[in-house]
């Protein structure tokens, strides 16, 4: 049992790392083997995560330590928050892998793609399991590295440009994060993630210094989380293939930033201490601005994936907002949105990919009447979109509910509620026209590139089922939010542990 | 006081001449003049070595510093004649900067030297080296240092020579040889070369207890080779093919093998058994002499001789023979 | 048993002679001659790690009169790097030079280079260091001009002349030391040297000479052409090892021999030059149009980082904090060594296949040479300082030291340098990933690609995950100034 | 006495050198310069060597010195010959 | 077991909605409301069920109010289902009438049976949003109306959502039964009034209604004007703290608004030229009455106990009669209306106008009893309004529009429901005749005839309102759409802001802004801003 | 001892003269000359260190060092000249 608690986190990492590395060296033609490796890895990971969930729920300790350098330890540690993120990424990885297998059929460089794909997930899982700030930074940078080839995958000038912009932002962010982390590390001699935070034990530290460090950390993480002045890469990165966008927006990159912010606030600074420092209100303001800004920008985008990208900018800041409001309810809201947004956004991107793949539709204005042509995809899209707006019983509603409750509880309703409401309205304003076009308009002209004409079904299975599955998931985790082992319950568990002190 | 300054006089003159010659050699725009002045400088230096009780060095300087270097530089002048001279201009400011820098550094070094030699002279290794002389197997302290105390340095130094020669070989083909010399010169060569070889052997032998040694001997041998070449013998007395290789390798190889061989009995690297050390040193020195001479001559010849086949040539031969 | 220390020097030397004698077998001899010292180095490392610093008094003479070889943590690390890198490069070169005309000479010089490196890292005597330095310089020069092109010759000549200037400057420093302290043995000097004019002037002279050799900023101009025009295996060791040798000496001098002599101001000056080198080198690398030139400029920049450690080290009192920084410095140097050699090897593969190394025309490389592209990417990761490479850890500790010593000034430099490094590496990768006809039909994994990728893996994974060994080894010092 | 003789010999040898040097500097063309130089050198050196040999006193050393003188004689003769030949060739071309 | 039955009314339609594309006969839709009817008729009052793991815990309960709403709502739903034209049921039909109809039905059932606020909210949202598909029609104007409806609904949802948040935090529970434990926060109250106010079309928040009622398909209007509109009222009844004393400003405000609604509905209604529009404004007037009554009850907790059941009954009456009127109108407007239709419509109109011997009349007398003589003026006004509007409606029936409707419209069903509508729920009281109830009737009739006499003058009034080329047509539906230049002024401020916020080119083809170009929405936003500042000031 | 100091200082001067010239000249041959002069300066310092007056035996260690240095310098010079020659050849081709 002892050994398992040490090996399980490593095993979870390796279950995607090893297939990734193996896939790299597979010739392009070995389609079946690659698929097998991918799925095997994903399933093994799912299994291991299952064990992890069970264990963490029963307060078992899973921890791996590896001494790297004086004062630097590589720590993988599973707490409830990690489990939340790990299970999200694992589950969605499986789905995305299936989707990607279907999506990339007959395209070149698949070995490379799936190799980096697996590495990307490894990095994400590593982020989730990171037990101290150092390990977090390591995986944070790794994530940057693993995603860059995915964004540049097509090799077209736009793809390369998008990837370059992505890098520009994320390397800069990674650097800031690293500087902040090192600084903090130097001051405290090692920053383990401890529920409730560690910094309040260092009473002698200069408060202003800690504020600056917080700023650095947030700036660094904010790049990936696409907080407003730092969000510029995200809409550019939508040139990536659809599975990558899905991964980027729902599981890996953006979430990594948000997750990091949550970690910093709760497990490094400690939310009460952070509030005492007065840094949370600033962060909340930034999050609020981002929420509104992203939505407003999304309104004017005709390109579907760009609109979704701006929507991500807006939605991810909900998590940040939840983290920035003092109080367990807001925490729950933010945390649960981590999962909910992921599931919903991945649905949207899958669907967008399907539209592009089947009908060559890239723009909202081309979507007239697509609902009848691709009912399954469109239904999934609709559920995701409604969830984003916060319509019950889709998952997004639960997040908004807890965020709102948290805001009211913390007395921050004056500015949070208007933001939430305005954002919901704006969400509706940019999502509902899409639904309207899809369902209620009739197709005027032939679609740009119709590949499904004459097909028995609207799409091949690996393309159709992932969005449908995630949409169903989004519906179910919203509908059965109060059920045991639901994300909401985990979020409550985490919030309970964070605020126990 | 007076006598002191009197005894100082030759030293002062020598020092002034050294500096003057160096200055003249370096500031001359005419390369040939510079080289000739440099050779003169080297000879003067040899006198200074002698004045400073360093006869080994005086020999070496005369043979190597002035002689061989001079020969090399003189030959190099031939190449320079055809080349495009691109003397870049150095701005006045940077000239001043460099001058200032040089002045300051010279003053600093001088200051330190004054401190260490005059104000607070330190006890150095002389005592120790001389007291250990009886265990070294030779009675010339310089040879003792070179081939016993600091034999490792010498080994590496031989490697340096080998490297340089290999470099010379790698870079290009050999320089054209000279025409067959006239009868006068030939006659001289007939006398001179055997004499030089004998001298070299003498220097080698005498190195154990008096000024002389492998380097001086090697340089003398090399001089013989150079003379031969000047007289029209392209190979400059060197062997061809494998033997040339062997002669290049011999010095280092023997040195190394001896060094390693003495460890078999549990000694340290290069720790000669005391009884054997004299003869071992002599053996090493002989081989080194050969190697040094070969190397120096090769360096003078300035390139890859025809007999020095590359691997590709071997490959080609093999193919042809098939 | 102590004779162990001679083997890393003697073995390559012996095999060099063999290679000279049997040129036809030189490929085999060369690889074997690189492998055997590796074994010796491993043994030495094991010994040092197990039982502390080793000393071999050559000829049985007491150090001072005689020469001592010493192996402590720092030298063992350097030896390991050099032995591993040369091993990989040798395997690579056995393919690269398979049909070259002068491969016989190459192998001899190659083995001599290894001899020089190992001798340098093991030497415990100042004058012997001068000799090894010269030997190293000469072998490097000759290897650098093996390519035979005009540029390479010109660069090699310039390299040689500057190297001579550098070693002479070093030598006069040695002379002053001998004048002042009457010994050349470094262990004895470590005890004897006290702050004073002699030490200052000697140190500045020696440092000046070594700075030329290690190409610190205003003295760097010889490096890019020399490294860029040499044959790929040679460039690899030049960038990875040869410049590091000078750096190693500077470390020895500053931290162990002249500990207590070094003033903060001097360290700051060197640090500033390092900082300029970081920015300037990275910028030049970003502008470079050729792959190898880029790598060479990147070397200038990376060396700058190493020198930026100096003010930090000088500001720290002896003890754990300083060892931490020193370990970081060494780790950074090691990572750079492995990564840069891998990078150059990969560049060489590309150059051999494509016939050029113009960055803008590398489209399709990632497709036709996936392993090489992968190597470049991995090496690039280490050069930027991203995890899991060793340089990430090193930079982390560097930043940490920076905060501890309060020397904020260097922070922007590190930041800018890292970003610029990212820019040039990913610019390159962008071109490599771009579509294009590629560099050749070959899709297979060449034998020469394996050593390159292994080197890159060492830099990124091995040094990342087993970096603690560096910090364990570094405090093992054979000299008084060290962690005694 | 012998010392005095030796000194006289040495100094006169030096005088020869001196004049030889003056000749080298002052004489108009190459051949006459060579003439002045070789004569001065050979004779000067001979005188110096004899002087030094007397000073030293041992026959072995005297022999060595004599050998040196002979060698120099040989060398300077040959080199003077070569130089003049070279000069002649140059003039002819 | 008993409680589980309560899940049927929402669940059955939802399940049917999943397979709606297979259901091609309208009887399926008809039967979707059967569980509701069944529960309304047979289920035991007071039965309830809690499902803790769904959403945040769902609570269902059936009380008498709920039972009535469920029962009569089901009737309307069933009848409306029969009114769906068969071409909308065909597999390839545009729009998603079946699905939205079923979902709206489910939402309606859910909110009626909800025992906690969240469940209510979920049902409310489901119903409100699904109804978009019911308002949506084929004409451009109908789509626009649907958009406006959607915006208003969304705003209503969000207001309700925010209110729920405050209620949850202040009360710690979402159950209705725990609601009165604590004094309600002012902001929650304001938000509740706003949220349900949109649904019940309080004046100012009613702008969506006339368009939707005039342009939407008939089945849509039927359910919209009946069960769905009353859901807003039900919301108030459920949420508002009638038992606890409150700042009188709230009740008075609501009362005033309600009165305004009555007046406005009457005044604007009588000048309409479409019968549907008249009915729409009649709804506004009627709901104004309800609002006023709610406001009154808020201020008079001691009377509330007696008053609220009456309000419920009155609401039920209206719930039945108004849809019946709409559907009757549809029958009337088809090609060959039967001779029997006019009296039937007359009967309905009389009932709505609270004519003695009808359900309406009985309700009104019950109301005045419950009020104990207070608010007599309002009742009078409401009566006058009812009579005037119904008169206008009947008058307009003469110029009937010929629709292209080809379906056999289920007139029998309508007829069957007619008596229920006319006399329910006061059938036992309906035949009590009181003279004083005739007073409003007389006044109303007089007003109506006055209108008839002066209709030329009214026309000229309409012309006089025309200015600057804008059709500020008092009589037309658009009157609210083009409120005096406020929107364009706003727009002038907004456009540069918008451009500043968006450096990217605004793509006109994208049709991104849902209904931002609709002036009604601007009006809504203005209102929201006012309310927002108001509530903020209250909250702070 | 002053005499020794004199030579040592001369060595320092020579060294810096050489360095100065090496920095200022930019063709190979003069540079090599300059470096050789520098080297001579360094050697001079070493040798003057070794000298301990007429009475005491000299210190052999610096002598050996200088001997080594001398050979190294010649080797490097030869190499540099060879490189230079090759470059000249290329120029002429």
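Letters A, B, C, D, E and F mark the chains as written, and numbering starts fresh at 1 in each.
Everything below uses one rule, namely that a contact is a pair of C-beta atoms (placed from the backbone, for glycine too) under 8 Å apart; a residue touches a chain by one contact, two chains touch by 3 or more.
Bear in mind the structure is a predicted one, so any value in this text is a computation, not a measurement.
Any chain touching chain C that also touches chain E appears here: A.
Taking B-D and A-C together, the pair of chains sharing more C-beta contacts is A-C.
Placing every chain at the mean of its C-alpha atoms, the farthest one from chain F is found to be E. The chain with its CA mean position farthest from that of chain B is E. Distances from each chain's CA mean to the overall CA mean are smallest for chain A.
Centres computed as Cα averages put chain A at a distance of 68 Å from chain F. Between chain B and chain E, the centres computed from C-alpha atoms are 112 Å apart. For this pair, chain C with chain F, the centres built from the Cα atoms lie 28 Å apart. Remark: chain C and chain D have CA centroids separated by 56 Å (rounded to whole angstrom). None of the residues of chain D touches two or more other chains. Contact of a single residue of chain C with at least two other chains is seen at positions 65, 127, 131, 134, 138, 141-142, 145, 153, 172, 176, 178-179. Under the contact definition stated at the top, the residues of chain B that touch 2 or more other chains are 105, 109, 113, 117, 124-125, 129, 149-150, 153, 157, 160, 163-164, 167, 171. Pairwise, the chains that make contact are A-C, A-E, B-C, B-D, B-F, C-F.
Against chain F, in their complex, chain C makes its touches with residues 65, 127, 130-131, 134, 137-138, 141-142, 145, 150, 153-154, 156-157, 160-161, 164-165, 168-169, 171-172, 175-176, 178-179, 184.
Within the complex formed with chain B, the residues of chain C that make contact are 2-3, 6, 10, 13-14, 17, 20-21, 23-24, 26, 56-61, 64-67, 99-105, 108-109, 112, 115-116, 119, 125, 127-128, 131-132, 134-135, 138-139, 141-142, 145-146, 153, 172, 176, 178-183, 197-198, 201-202, 205. Interface residues of chain B facing chain D in the complex, by the touch rule stated above, are 182, 184-185, 187-188, 191-192, 195. Touching chain C in their complex are the following residues of chain F: 8, 15, 18-19, 22, 28, 31-32, 35, 38-39, 41-42, 45-46, 49, 61-62, 65, 68-69, 72-73, 75-76, 79-80, 83-84, 86-87, 90. Contact residues on chain D toward chain B in their complex (touch as defined above): 71, 74-75, 78, 81-82, 85.
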